[in-house]
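One structure is given here, and the rest of the page talks about it.
Note that the chains are named A, B, C, D, E, F, G and H in the order they appear, and that numbering of residues resets to 1 at the start of each chain.
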Amino acid sequence: TYAKVDHHRELRNGYPEVIYSPGKSLDQIKGIVQNMMERSTGNILASRAERDVFEAIKSVSPDAIYYEEARSVVVKRVEYKTTEDYILVVTAGTADIPVAEEAAITAEVMGNQVKRLYDVGVAGIHRLLGNVPIINHAKVIIVVAGMEGALASVVGGLSDKPIVAVPTSIGYGASFGGISALLGMLTSCASGIGVVNIDNGFGAACLASKINKL
Amino acid sequence: TYAKVDHHRELRNGYPEVIYSPGKSLDQIKGIVQNMMERSTGNILASRAERDVFEAIKSVSPDAIYYEEARSVVVKRVEYKTTEDYILVVTAGTADIPVAEEAAITAEVMGNQVKRLYDVGVAGIHRLLGNVPIINHAKVIIVVAGMEGALASVVGGLSDKPIVAVPTSIGYGASFGGISALLGMLTSCASGIGVVNIDNGFGAACLASKINKL
Amino acid sequence: TYAKVDHHRELRNGYPEVIYSPGKSLDQIKGIVQNMMERSTGNILASRAERDVFEAIKSVSPDAIYYEEARSVVVKRVEYKTTEDYILVVTAGTADIPVAEEAAITAEVMGNQVKRLYDVGVAGIHRLLGNVPIINHAKVIIVVAGMEGALASVVGGLSDKPIVAVPTSIGYGASFGGISALLGMLTSCASGIGVVNIDNGFGAACLASKINKL
Amino acid sequence: TYAKVDHHRELRNGYPEVIYSPGKSLDQIKGIVQNMMERSTGNILASRAERDVFEAIKSVSPDAIYYEEARSVVVKRVEYKTTEDYILVVTAGTADIPVAEEAAITAEVMGNQVKRLYDVGVAGIHRLLGNVPIINHAKVIIVVAGMEGALASVVGGLSDKPIVAVPTSIGYGASFGGISALLGMLTSCASGIGVVNIDNGFGAACLASKINKL
Amino acid sequence: TYAKVDHHRELRNGYPEVIYSPGKSLDQIKGIVQNMMERSTGNILASRAERDVFEAIKSVSPDAIYYEEARSVVVKRVEYKTTEDYILVVTAGTADIPVAEEAAITAEVMGNQVKRLYDVGVAGIHRLLGNVPIINHAKVIIVVAGMEGALASVVGGLSDKPIVAVPTSIGYGASFGGISALLGMLTSCASGIGVVNIDNGFGAACLASKINKL
Amino acid sequence: TYAKVDHHRELRNGYPEVIYSPGKSLDQIKGIVQNMMERSTGNILASRAERDVFEAIKSVSPDAIYYEEARSVVVKRVEYKTTEDYILVVTAGTADIPVAEEAAITAEVMGNQVKRLYDVGVAGIHRLLGNVPIINHAKVIIVVAGMEGALASVVGGLSDKPIVAVPTSIGYGASFGGISALLGMLTSCASGIGVVNIDNGFGAACLASKINKL
Amino acid sequence: TYAKVDHHRELRNGYPEVIYSPGKSLDQIKGIVQNMMERSTGNILASRAERDVFEAIKSVSPDAIYYEEARSVVVKRVEYKTTEDYILVVTAGTADIPVAEEAAITAEVMGNQVKRLYDVGVAGIHRLLGNVPIINHAKVIIVVAGMEGALASVVGGLSDKPIVAVPTSIGYGASFGGISALLGMLTSCASGIGVVNIDNGFGAACLASKINKL
Amino acid sequence: TYAKVDHHRELRNGYPEVIYSPGKSLDQIKGIVQNMMERSTGNILASRAERDVFEAIKSVSPDAIYYEEARSVVVKRVEYKTTEDYILVVTAGTADIPVAEEAAITAEVMGNQVKRLYDVGVAGIHRLLGNVPIINHAKVIIVVAGMEGALASVVGGLSDKPIVAVPTSIGYGASFGGISALLGMLTSCASGIGVVNIDNGFGAACLASKINKL
């Protein structure tokens, strides 16, 4: 009664319901995983999972894998079928990697090929300009950046691919927990950028996966 | 000297630079249009154009057409090649139509087939549920909504297509000029939604066009 | 002297003063409960109570019951008289349940029949549409939702009953601790919705109880 | 195509769809009124209507009446059936009256008896305390106040009736267009208050009418 | 070198520099107290002092007294001379008392007679109306309230004395850490209210003391 | 019915109710003035009055005087009795003068002696330091400043008199219509400053007058 | 009395007081200019001047020149001595030019050589990369950009010169009148950037001039 | 792969890339330091470093020094060459010193002579006025202040040197974590002030160093 798992979501949306861990008790999470094991056949993903969530899931599903940096738990029940086209995940700095990994793991679970290009922020723009080919051959690009988020604008100006921008809460003071990057990405002078919530690597992967599979 | 038109943008980004009219004098706009007429061959689009901008452009390019509701001026120099897949533009209310039309006209100028589904907001959800087929056959969906922007979540829950959400400034009081709809779309419980700036029909069309042409 | 318990509140408002626990020392809380035990006869409720508050109250009133998920302590001194009409408490997700339970327990203490319908958020709208009868037979509906709070608009569009909407602080990033849901509920395109403070299950129950008893 | 009038709303919600005038062209408004005249039989209400909206409606429906202070146009097609219980509309100051009148007219169109008590703000609290009987005999109370909105708390503390609070944009500086009153009403120390959007007399009337007719 | 104690402040401002404890190391605080013991003769006050600050001061000045609820440390070196007129400190709730005590202790250290009237918030307005004489005989009134802060307006409407209003961070959700009360007090419909920073009992006492000694 | 003039306010608060002009029709203002002329004997003041408000008042009370810079209308019915102590009104710049004049005229109508010291902002601090005597001989000081409002802190550091600070909306960009000055004054490192609403010269005068007459 | 012109400012700060026009009456401006003509010998500058301000100044000082795009009036009384080093003023778009011209004209009046590089925003980054020499030879660079303000970060990453960043109010929606660009510049991943107020070309020039003359 | 150290930054920007510690694992930090030790020869600086970061760096580079108050780790590999001109670092209070020390240590590592003037805030302005010579002989001044940040305006009015202002998060309530000081510095009535992010001592030093070395 505490959860009505949406077993039709894969049919409607192309990927199954994902367990958002915060605010749920470990018992509730175990119950939801068990329900999914019984009622569906796809891979199971729990996002924003601390280690205790992983332990709880492992106790009901021993094959569960924990991607610590991505704070994601995966119960792999069917082999990932991987797309030929790839999603490129780009970060501005090293500190943005956890959000990027949440996006990358999620996209992989959903059956996408993923490439990573990390720490290429605009303060040293040669790092980005030296990687134009990998950018241009992607089918869709996820740009992950905190602080002022300028990387999204520069990548957006260089590429004709759809761009999904993820502001991160990296920074302090006037970063306001990611608001600064969020606003920067929403008002980017480069057009054709779709923005998701602050630190929402998961949502970026959902959108990129939908696009990559078109 | 007041403008360095980016003539390579079509090559890099798939569509030419678009003239954002506010903050430019009529003389500047005329100069930019003339420069584009001389240096490039594609269609020319001026967004956020009041009628005086249209008159100015018409004076240097007599074929210019004014889409009043969309506040857009188009100088059509090559025939639109229209995609087989279509972009669906959906609005919650009647008052969101100007932003939707900016998106629709822009997408058409960029060579996309566009379908429209207007005034299907969630206060009377049967209006939306009665239109599931046109939603499911689109390749990408632009959802335009003001106030609380709940329409994006509901469409997002019904469809496996990429969704571009445009919050509008329609509303008053706690709508805060579109912030309420913007936040609602960013934090949607339906995942796979890319959000653009408030009232940014133009940017939504750029992203949808990139996706539609994949 | 640290508290002037409002013993007339039941006469004026229909329910006695409730002890809001945060910011009070355990000694103050014990003193207030003792004062109420001596000076009035109704049931006693302490809201936002951590376990130590429960222990303190139990030490002066051994029958005290702790509703952990609802963070509420009840000293039941008179049998609840339960209304024939019921208040329906609806949540969008599993993580909204603690706020919903605060509302439900409070309403029950105040003598109302309560029904619960949890985890029926709009990302999977069939979960809601499959429950229309229980919605339509309620006398008043409390909708509890975080993130973008769209559930309030959809329920508001389906029903002719008064709706009390409670935004929750569930979410992250642009949820801003419940602001996003709050604004969404205030600007809902469905009219006839009364909004209470973020996470204020208690206040929602007060309003719903006043309505349910009309 | 610019509007899908929701003709079932009266069946579902107890009152017909109301025309929100801003952002619609006069032609669109005329079209919607004509559509309603043909397809339904209830009274027609247009809110937030400037005089030109009234003239437009009058041109297609000559009996239209304009309530100027309430900025509301009514096409009265069936006699109002008036409830025995009354809704009380209270304001803090004189400047809050237009919002209060929007609420009062809307409630009357929906078939409710309405009483008014204006300019009884807390700076001179004897004005309120001298009117306790009319407050206590109401079935539901709409409190309309700008600035700090303290009137809602004081009325809430005096009465056991459901209270619908409407913050207004009256004030300047730190009133922030009604935010100050809105926050004050949401965080009121008196519980059992449902808040609607800033200046939303219409929405307050919808909620109060639903309650009054229980 | 880390501190330039302002030994002339008593001459200029009527009371000596007070030590604001947060952000200072215990060594710095000890150094400042020692410097004051050597260079001046007045009473010493440290505000926002946790217990470790008290221990540190006691180690250099054994007579130091800790007012725990007020989070204030006093080194009493001269007897307080107490005014005949009194400052009245009023709170809305029990949870506002720590801020009120900071004000009261500070005012007493500065040589004022202080009276207290706690937990008389407007949700039960008879608690306030039953105390009009103590309000009317004060020379200046400090009103301390969180949530919506309406108490300041009601007291302001009842009295011809200068009122110093202190918003507190008591509350949750839309209280926003005291912003709601702050805005309510700044936009009060009762005029003649001077507002200080959120939770700033100290500053309120400084202003009230200046007024009380006129 | 649109106004319940508070004829006891002078008895309770020491000065009569003042007419706040915005949001009232000219007919309402005339009605209120006539009511006051009949029912009370004190001076009448209308604040925030444009010229048309003055004309309206003059039509019912031919002696009305218009203080244009202060946007205030005064109907002088009894001679001002002027205090021996004076209120000093200080401004940072020339553009702050209208708010300062609202304060000065209001204070004079209420029977206070007022002195003015204008355009002495901290960018040229010698202008202030050359005026220490007039500051030190005041009984209470009103500091009016926009932009960052630093003048309040500097005056507060120099004087032992109660200070009433009025932030103004002078400035642009990050001044945010006076928020910057408001926050600066609330968080001033000089203590003993009471802040009123942005541009609220009227309220500052009410508070200063209460203090000046102690 | 309405103005205390700061005739020592040139001695202290290196440039004379500048007349900020908004909020001053034309008579006040004329009076200030006359006072400066009599009491000092330097060039006179009025900023944010509409055409009527120019006419007013011209009436008392016929040589006044109006720089319309920069909204600046200059009374040139001594020949500009121009530095050998130059200040470079860069803009992201055409619409940022008015703010850039305010900076450029102000810097020229203060005796600096100025170069301009306009419309080189990051959406077409080759426009900037093709201009590295003029950037590298400047002594100090003023970067003027609206929307997300990313240009400041990119220039900051390319150059070892001090950078003064001016956010502009160009943009709409989530640009929030320049807040987005302001936050982006404050949180830039490129360090060594000093930010001034939104649209504050004047202040940027003051800082750049101080640096250029070192 | 988690980091692309920008080894050209010293060439381009005049100082090497600095390690911003938060959000990086200790292993990542060690890896970056080792990479720098192998690939470059300059001094290495890690900012915002807690003690565990220092221990980690020390394990790979035993000469590392920890400046605890400045939360900075330095690996000194070449002797600092110190400029003849000095940067002056000024603070308003004692609690601002950690940010000031971050600025001072950073500037020293970059080869600048630094002088310090701490605790001279405007509440006791004689402390500042007694130090005019050390202010006037600096080449550039860093002003560090929290609360309302008024010190920047007063120093700006006294000096013709470039000023870099650092708002700090010192304060509470309406200080909003440094926003109040930030806004105050951005809107300062003294012109020629460049502002950096809240608590950004590091960035202030970068800008001041660039200026000091001109």
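The definition used in the following text is that a residue touches a chain if its C-beta (ideal position, glycine included) is under 8 Å from a C-beta of that chain, and two chains touch if they have at least 3 such contacts.
No experiment lies behind these values; they were computed from the predicted model shown.
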item	value
Shared chain contacts [chain C and chain F, defined touch]	D, E
Whole-Å gap separating chain B and chain E, where each centre is the average of the chain's CA atoms	56
Chain F and chain G, separation of their C-alpha mean positions in angstrom	35
Distance between the centres, which are taken as Cα means, of chain H and chain B, whole angstrom	45
Whole-Å gap between the CA centroids of chain C and chain H	49
Multi-chain contact sites of chain C, meaning residues that touch two or more partners	93, 123-124, 157-158, 173-175, 182, 186-187, 191, 197
Each pair of chains that touches, named by its two labels	A-B, A-C, A-G, A-H, B-C, B-D, B-G, C-D, C-E, D-E, D-F, E-F, E-H, F-G, F-H, G-H
Footprint of chain A on chain H - complex, ascending	1-4, 6, 8-9, 17, 20, 22-24, 28, 32, 48, 167, 169, 177-178, 182, 197-200
Touching residues (chain side chain F, partner chain G) in the complex	93-97, 116, 118-120, 123-124, 126-127, 170, 172-175
Touching residues (chain side chain A, partner chain G) in the complex	92-93, 121-125, 147-150, 153-154, 156-158, 171, 173-176, 179-181, 183-191
Chain A residues touching chain B - in the complex, by the definition given at the top	12-14, 18, 139, 157-164, 182, 186-187, 190-197, 202-203, 206-207, 209-211, 214
